[in-house]
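Structures are listed in the sections that come next.
Consider the two complexes below, in which subunit A is the common component and subunit B and subunit C are the respective partners.
Up next, the complex of A and B:
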């Protein structure tokens, strides 16, 4: 009962403040950006510059092969302006590539350098086989360079046929991918919703420290932990509402909202408790802010791994935001795993309780009057 | 007046140093810069991850290692378990007539295609020693992702500087010393500049250190400092608005979050929005700052271009200041 009245009081106070509305406004802005500025699917076309150092017949044959994948089946004559020079080129556009055929190796080299794209000269070796001279930036990985150096040792047609015959077996059939727009939801909910709790709880506490509210609580029959928890609840409510503002219009009613609410609450509770714990070590916001800022940056690293398939080293997986992001992703996947978000929620809840208990001990020690 | 500005700066520095604040603000970006150095090669070496049965075909494992990351597992069951884990790892397993690729089913298509290609190259006996292509490197050593992370860090430093200013003012406000300025010989302008210099100092020193730590030795430090100063102007204005118009840390925290949105949006706009659509970001000083930093880090621009970018930032800041000046002055009263 005491908890409930404490929560109600905090809620009324929060509704009079500026922060509550900033959170909601921020969620609406993010939603508008996701709906109107983030494309359904990012197009990932790469640009290449080629010079065909081949006999005329060979050039035509090479262009014919490229034209098979061209969107309109036509070569477009274009001019490219770069580094103060103008280059004439023939452009072929497929779903994945924009290929410019230039009239000299120097033009390929210049454009590869100034535009930071791949350049290549196609020529014939002494055995009349196609060979390539690639112009790379220099920072590409050795593995990529290795692949490029042998990629055209075998005829493209032969390779294509063999690749098509290469068998692929899948462990779980019927996976339905999500759109790129939907894929942006987990980081937005995690970073803007769940993690902000850390920052905001610390700010709350310093405000109360300045005003002596916590010290005052220490001499009332009500316990400090109940007071802290009522603050956390207000924050969790804000996280839930702002999270739903972003998720519902994008995902509709196709996802398990029970799981989403559970994970939002568990992760929000964990980060709020962490914010409280950090705040308990410092006597002003500025000092604590340095640590929170640093921690926030570390917690953002799994965000990079989230968007780069194939890059998730072990140490990234042990940063709490990794399971947080994967948990939110699992919830929005059409046939997502239910166990994983449940386990993740349980983990964050347990972690949050431990951190909260530690915080309570620290506040009891430091706020004795 | 300069003497008074200097005194305010020294006083802020003394207070911040006493509380280790400035050292924090200076040190954190540097630690993050070291972190970027640590992350960057690992991300740049990202390739497909393949899981193979250990000892089953050592030649194949050695071959794949030249093109992909190879994980050797105890047996087929372990490979299946690894493929079924949360990250994108594909298995290459033997069957009656060759090898098949084992996927979990949710990997990006490009990853599966790469694994298929590698196995075909291996089965076609295409060896690195027989490479017919020549590779010429154009001498760039910094990968684009590293450049992007450093650029983001530079913007964050400026924002951090703004926060330092706002918190300094907020603490004066809480201690009720802002109004006291009015009865001292120090003018409001001197107070504003004095308070601002601390943040600017932190921003410029941290930014230059970050640029050097991350290995951009050849960039024009003068150009970089100019952009940092111009972005700090944005933070300065916002820092003052936050500090003077917030009654408590909660409000300042809310304003910080509001500030992150145009910054993140500008970065995303510059990196992901193509061609003429970038015009929608021209209003944002962060967009121009990011663009200018990108040019400096890539060592691809001219002083004229930089002056134009910085000029645009200053004009936008001027407009913001003109709009907000009455609130700053009111806050000082």
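Up next, the complex of A and C:
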């Protein structure tokens, strides 16, 4: 009865407040961005500028090779405006590249500089073999530079042989990829749904501290933990709603919503308990902002690792948002692992309970008259 | 109803005590005034008595409950009106009281009855964020009665209220006390303490200097005074003279003989004057 009464009161306060609508509004904005600004699959097309410093016959032969991969098999005559100049070029477009063949090496240099793309001059060396001079941007990795050095200087037969000798093991069969748009869902749900709870919870507590109502609650027979838990329940409700606002329109009904709700609840509980704990140390949002900002920054680092699969150091894996993101990803994968989200949920629930217990002790000790 | 023995409290736990060696008792049905200037230790003592501050050293029992191992059930018997109004600004007056009523395990009062009692009838459906400071204070006072407490803590209950409303609040306190409610009144307003309290305790720098009834204090420390307003060198002056101290008597006689007396009347010592005399401190 007391719990229900507190929850009802918190729901009334939230519905008449600002943060409740901020969280839901934020979810709607994210959804609109995902639906209308994020493409189904990101384009991986690169642009290159070439000058063929070759005899006419060599130029034609080079273009013929490029045309083999051209989408429509035709060369398009185009004009490129860059840096106040207009350059004429022949454009060939494949699935992976847009190649502009220019009239001079100077044009290649100018466009590589102004358009921040790779430029190259193809010519014949003293032995009548093709040689390449690249115009890079300066930030390319040593690996890429090495690759460019050997790519056209080693015999292609040698390279082919080496590639063919690479041992490739298939670890998982029946893998079904998700689209790039779907791939953005886990971090968005984690950060807007679950982690926003941490910030909003702290904001709710600071509002109550400002009004002094915690003290008024503390002189009733109702326990402080009931007061705290009623706030957590409201946060869980908004986490579920904002999470579903983002997920349902993108994923439809193709995923396991039972698992999604469980993980949303568990991660929401953990982050709102964290928000409560932070709020127990400070009087207002201004004083707590530094800690919240720092924590937010740390918790967002696994989001970087999520989008760069090759960067996955151990220390990132121990940040709570790492399993959070992987858990959400497993849920949206067509043949995702069920055990991982279940274990992650259990972990966040257990962690949330520990943080909540600490928070309860803190609030009992820090009430002031 | 309240028993305090050897109470000490240090906020930083460093030996700098906000209250030190505080001892007093409040009997059932008594109105006890806890008087002192700001920072004297009134709120700290009240905070410990109401469980808002942890008991560090000493023995304290309130309404039969030991504060060392505080039981939530104790709060069914306790009412607390805070000096700073603390109601939910996004909820109406009625919603505020109705919510708090549901937190108690005992029979509670009708929110509307309390709202009417403190003169807020007609404002019950207005969000308290739109209330004036005085209206919020009255609602906080009304809330403290929601569970029919037998032990009532009142912290500056008439602060910021106009005289008519303050009189209503005082009447409510008197009536509740007549019904058997024990009152622990914390204030620096000596007039309300004089009017309401059976006994008062003076606290300064965390120490209780004296406890007695206002009547006894006036008998013990009060002097018979004469307040004289007279003209001197074209200016009007006002002075107070004891009718017991010889020097004062001589001065009074001299002024009557030599000056033009404008007004003159006897005056009883106020609690505030006694407080200053006993503690050597102003109340402000």
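Keep this in mind: the second predicted complex is superposed on the first by the 347 of 369 C-alpha atoms of A that agree within 3 Å, B and C clash if a C-alpha of one lies under 4 Å from a C-alpha of the other, contacts with A are read in each partner's own complex, and residues count from 1 in each chain.
Assume contacts are C-beta pairs under 8 Å (C-beta built on N, C-alpha and C of every residue); 3 or more make two chains touch, one makes a residue touch a chain.
Model, not experiment: these values are computed from the prediction.
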item	value
Which of subunit B and subunit C A:281 touches, first, second, both or neither	neither
Residues of subunit A touched, compared between subunit B and subunit C (which is higher)	B
Subunit B versus subunit C as contact partner of A:167, first or second or both or neither	first
First (subunit B), second (subunit C), both or neither touched by A:221	second
Touched partner set for A:199, first subunit B, second subunit C, both or neither	first
Which of subunit B and subunit C A:144 touches, first, second, both or neither	first
Contacts of A:12 with subunit B and subunit C, given as first, second, both or neither	second
First, second, both or neither for A:308, with subunit B first and subunit C second	first
On subunit A, positions contacted by subunit B and by subunit C	17
Interface residues, subunit A side, partner subunit C - complex	1-2, 5-6, 9, 12-13, 16-17, 211-213, 215-223, 365, 367-369
Interface residues, subunit A side, partner subunit B - complex	17-19, 22-23, 26, 29-30, 33, 37, 42, 109, 112-114, 116, 125, 129, 131-139, 141-154, 158-159, 162-163, 166-175, 177, 196, 199-200, 203-204, 206-207, 210, 284-287, 289-291, 293-294, 297-298, 301, 304, 308-313, 317, 326, 333, 340
Complex interface listing, subunit C residues touching subunit A	43-44, 46-47, 50-54, 72-76, 78, 80, 82, 84-91, 95, 99-100, 102-105, 127, 140, 143
Contact set on subunit B toward subunit A in their complex	19-21, 24-25, 28, 31-32, 35, 39, 42-49, 66-69, 80, 83-84, 86-88, 95, 100-108, 110-113, 116-117, 119-121, 123-124, 126-128, 130-144, 160, 163-164, 167, 171, 174, 246, 248-255, 257-258, 261, 265, 272, 300
